[in-house]
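Read through the structures below before going on.
Shared between the two complexes below is chain A, which has chain B as its partner in the first and chain C in the second.
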Partner chain A sequence: MEELQFDVTVIGAGPAGLAASLTADKAGAKTLLIERETRPGGILKQCIHDGFGLVRFGEKLSGPEYAARFIDRLPNSDVTVWTLSFVSAIQREQDDSILTVITREGIRRIRTHALIFATGCRERTSRQIGVHGRHCAGVFTAGTAQYYTNILGELPTKRCVILGSGDIGLIMARRLTLEGAQVVGVYEAKPTPSGLTRNVSQCLWDFEIPLHTSKTVTRVFGDARLTAVEIASVDPCMCPIAGTEEIIPCDALILSVGLIPENELAESIGVPLDSKTKGAVVDERNETLLRGVFACGNALHVNDLVDYVSESGEIAGAAAASKEKKCRGLVPVECDQSLLYIVPQRISRNAEMQERVFFFRSAKDMDNAMLTITKGGNLLFSKRFSHLRPPEMERLPVLLTPEQLFGNEPLRFHLEELDHE
Partner chain B sequence: MSYCKRINQTLFARFGGRVTAREQDRVLYLEGELDRWDDVVAAGLLAVNHKKYDGLVNDIRFTGGEIPPMRLPKVTDTVLDGAAPDVLVIGGGIVGCAIARECAKYDVRILLVEKEHDIAMQTTSRNDGMVHPGVDLIPGQVKRHYNRRGNRMYDEICKQLDVPFRRSGQYICFRGKKLAFAAFFGQLYYKLIGPRVTYLRKKAFFQREPNMNPAISAALFFPDAGVVSPYGLAIAYAENAADNGVQVSLDTAVLNMTVSEGVITSVRTNRGTIYPKVVINAAGVFAEEIAKLAQDRFFSIHPRKGTNTILDHKASKRMHTIVSSFGTSSTKKRHTKGGGLVKTIDDNTLVGPDAVETYQKEDFTTAPENVAFVFDAQRKTDTALNIRDAITYFSGVRAATYEEDFVIRKGKWTKNIVHAAGIQSPGLTAAPAIAVDVSRMAAELLSKSRIVRSNESFNPIRTGVIRASELDLPARDALIRENPDYGEIVCRCEEISRGEIKDALHRSIPCDTIDGVKRRVRPGMGRCQGGFCGPLVLQIIAEETGKELQQIDKSAPGGELLMGAIKEVMP
Partner chain C sequence: MNDNGNTNQAKEIICIVCPNGCRISCTKAADGIHCSGQKCKRGEAYATAELTHPMRTLTTSVRTIFPDSPVVSVRTAGEIDKSKLMDVSKALGKVLVKTRIHTGDVVAENICGTGVNVICTSDRLMHQQ
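Right, the complex of A and B next:
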């Protein structure tokens, strides 16, 4: 079997992979972009609602329009694009990666100097959150329901309950309503919605769709097709409270209960993951702890804005294309329980740029909060936030000098709510 | 005092005259009324005596709930009207399919009817896939006999039917010094009466299964245990049967029979009336109902539900074969040989099952308490077992008799029926052997009216669906170059290609549902549970069968996934 050589290989042609491959190509690297679906664009292909690109392009684009801004650049680049191609296995040889790729033309072997995982994320399923009852037709994740509706033009429901107030669930509540289906309500086990505030307002309030917090679906009923769900209130530990059950007739349960970064391929070559993000541990260039292996986009951590996904791909693409490979001198970045997570989890003491961009989410809703970064007891940075919500990711550029990063103590992130003055 | 009288006294003491027993023609009948199902079952278990009677019929009326009627197919037509097969097999589970295939070795016309939309839809698909060595079976039991014979047949039958089978062995683990001692003596017991066994001290066990509970002090290893896909094997049996001329009619339920002078003369179904010469009862949880229609009811089925959980491949790397602990619910309950932790043929860890008596024969719902119970029990084997690693869970219902034994025999009163009833664990292991005997009994019955010869053209070999990802790279590459569909991955979790899915749709047993494809070639069995591949499989089924997208069912008619076009594309 012949072996093809590339400087940079990107797995996944969603927004992260598109940005990564175009950036690597622009930097002069011989770049391959591998996509398992028939067309590039990733999940954006089915996101026909608007709101994409506000940060990057200053306009409200639909998902396919946003993707097109990148896809349209491919023909004028030297990026080699393989669609309907599936990475089946990866081996490591020194710092090179050897990929086995399944395509309709046969099996191809790729040797690549740098490898970028832009593999996106998948949806949590009904089983992972413990929905019980009969295994009937009519239980869909929101993304799958979105595929049926927007790609196939087929409605998966006429009257549904949506469990989980993640962004896709909110968007599907509106989308299904517009198509004439009845959304009985959106139910959220947590006391606050999981999606962006703008989505709660534009997708639910504008369409008079009720949102019930601290309630969950405990069981589904039906034979061949779902006919009803059981709803129950939950206590602060998210356990259903006996006696609060209520049966709601409907033909579908649509789930928007979280996204999980897809990292099974990365794990297969031993890329260490962060248990908080479920994505790879990376430095500020999105390089994982394995040299020459990068991660970006939702595979790295689940973003709420595609603009940041593209940025993350560009960072990985530029770093992967640079040939230079000096010692990184990694300093650990840690956060306590006041933050859900922090990315990157390492920063390089030897980086040229002094500006580092961190992404984080607060662990709970906070008004008037102070973020501090300390190292070995020394305060390096602090910033006040008037409002923080876990569903809204914060992008935080911080200037850090080599002197500040001296020593092996970790950088510690901490959030504290200040008293109202 | 007669046994019946004594039993009546015992029943009186327990149920205060609400239940009585009477015997007739070597069958013990229980009558009366009880409002708790557990009491109905308890009365049966109290009265049963397999030495004195051919069977126990429990006619105690249950007043505490409504026993749901058998789910019936939606279709009604006359396609089978007037059919006159030599052998009618009722039931398309592992037992019925194996019997149909073995019957095809004779020159007889065979019709298999299954009320569900596909083969292996009920207990067979809700099974832990263990091929049992027969650890806790007692000499004299019918099931022990068939388990031993069936176990020995597995290598060959799986080779013939092209079904993956791994004889990976089973550990039964013991905790603490006292139990290690017991294990040592247990080994001597098995050396006397079988199955084959090896005693492993702590160190030897942990060399083989290093991630199990450190409190384990010794283990017995039974090398004859193995794992197989239960539905995979049933479908393979059915396909090979169909390849050899067996007619398989799905969505076909037996509704009634006419019996005259001890002979079944006709069998009414929702698809017409059939006039078989011999009837085989392999109806699983409904075997008692079939026996009743055939006027040959001398046993009762008390359904027993069990729940299994499947773990992600990643979490499944912790163990290599079947590991159970002595004293967990699954080994303690005498009549349910739950596997404990089973590394399935598809390399997932299966956790389960439990055993709960139920009056609902088709209650396949799951409940969190059952899953939690099983996890708690199995943590004795692996303390790190985490419910968060579960990718799915499912329930099945065992068709237990009160004798807790199989009923493999010709009819007691009716002359042209053979029962393969009361099949619960180890029914999967026993099925190949049961099928050989039952087909022979059917041939014997037929030979009273005609000469039964062997079928000279019988072909025992079935070619399964190619599993492309299991080929070596050059062979896989060559396959793709011959047929590019094998190079298009549809299910990324399990790495299943379009070629494999198309193959599954065009075999001798028709398949046109998402779950049918899933059980044949595994798209949707992985960690995303069909979130990504479901819509793609749906489109492939529509393309290949010529149906509209909205007509495609998840599992059975009435289970359509889509409900109509969106507004923009309406005409």
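Right, the complex of A and C next:
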């Protein structure tokens, strides 16, 4: 089979992949962008609410409008775009990657120097949270409800219960209400909501939709279609408390119970993943531990702002286009249990830029917290935060000199709540 | 849930202007509303508006005659009275788009007498599949 050659190949044309391919192209790399759907834009196509692009463009855009800012640049670039194309296998040859791609014209083989995974994330489903009861229709994810409502124009429920308070669930509570459905309530097993505070405010409070924390769905009822769910309070270990059950009649149970980076293809070639983020282990240029393989966007870690997803794509795109391949001299970056995770998980001692941008989430709600970065007992950096919440990701630029990064001890991130006043 | 209705006491408003989501504490005094906790001036303006005349941008979809895109996304070109959200959404349920419009095109003028137009927010219909 004929082998096509590219400098950079990007898998996934959502916000991360669009930014990555445009940046690689601008840097002079021969770039291919592969998308399995009909149109580029990824999940933004169905995110018709606004609030996208505040950090990047200083405007409140809808998802399609934000995506268009990048899609509209494609015709004036040299990026080769393949839609309705699916990567079925990847092999490695030295530092090159060989891709088998199923396209409308048949099967194609691609040789690429750099490969960027921009494969996004997937929603957790009822299988992954173990809801008991009948296998009836009417149990689906918030993203599915969003696809039905905003793309197909079909209202998937008349009266529903939403389990989980992730952002998509909150957005869909408002969306379904506006379309005339009744949202009985949003139920969250944890004691605090998982979504952004501003979404709780503008999606639930604005429409008087109740939010019940420390409650979960324990059973579903219905034969062909869901007819009711059983709700119970849970204890601090998230175990249902006997005697607190109540039955709520509804025709749909909508799940917003978390997102997991999609890395099936990355794992097939042995890209090491971080058990905390479920995304690849990367350095500050978003290069994985395999040379020439990069990851960005929600495939790397689940972001709450698309602006940072685009930034992450641009970092990967620029690095993938660069011909230079010197020894990285990787220093491990670690965090203790006070943080949910830290990205990147490595930094290069030999990087030209001294500024590194870290992303992290605190493990719990904290007021007046002090973040410290130490290496071998030396304090390299500290910063105070007035509020930290796990649903709200922090972006932290830090200047680190080569002298500070000398030696193989890991950089350690730690958070501590300071006494009030 | 966050409505305590008691205007003399401090009321906490969560700013929705930007992703910071500042918790703004507001108290009503003789010389107006006093705000604290916001990181910028937009927060103060938002909190003040929230206590006097809350406004929102509505984002929703309208039907089209095109099978490849049975609905297209729209939003109000400016903010409308929060209390009008449901009315406007209902009114837009009657709109049917018959031409392949693009981003920024007006779908409905002066919707429900708000003085605000409703505009298309997607080029979906331009890229026929």
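Throughout what follows, the second predicted complex is superposed on the first by the 421 of 421 C-alpha atoms of A that agree within 3 Å, B and C clash if a C-alpha of one lies under 4 Å from a C-alpha of the other, contacts with A are read in each partner's own complex, and residues count from 1 in each chain.
Just so it is clear, a residue touches a chain if its C-beta (ideal position, glycine included) is under 8 Å from a C-beta of that chain, and two chains touch if they have at least 3 such contacts.
Source: prediction; values computed, not measured.
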Partner chain(s) touched by A:G143 [first = chain B, second = chain C, both, neither]: first
First, second, both or neither for A:P210, with chain B first and chain C second: second
Which superposed partner A:G153 touches (first chain B, second chain C, both, neither): both
A:E394 touches, of chain B and chain C: first, second, both or neither? neither
First, second, both or neither for A:E179, with chain B first and chain C second: both
Touched partner set for A:L196, first chain B, second chain C, both or neither: second
First, second, both or neither for A:I48, with chain B first and chain C second: second
First (chain B), second (chain C), both or neither touched by A:D223: first
Chain B versus chain C as contact partner of A:D365, first or second or both or neither: neither
Residues of chain A that lie at the interface with chain B and also at the interface with chain C: 149, 151-153, 178-180
Of chain C, residues touching chain A in the complex: 1-3, 14-16, 18-19, 21, 23, 56-61, 63, 69-71, 73, 75, 82, 85-86, 89-90, 93, 103, 121-124, 127, 129
Footprint of chain B on chain A - complex, ascending: 1, 36, 84, 86, 88, 100, 102-107, 122-123, 125-128, 130, 132-138, 141, 143-144, 147-149, 151-158, 178-180, 219, 223-225, 251, 264, 267
Touch list for chain A against partner chain C, complex: 38-39, 45, 48-51, 54-55, 60-62, 64-65, 68, 149-153, 175, 178-180, 196-198, 200-202, 204-208, 210-211, 304-305, 387, 392
Chain A-facing residues of chain B, complex: 71, 314, 364-368, 371, 388, 390-394, 469, 473-474, 476-477, 480-481, 484-485, 487-489, 492, 495, 497, 527-532, 534-535, 539, 549-550, 553-569
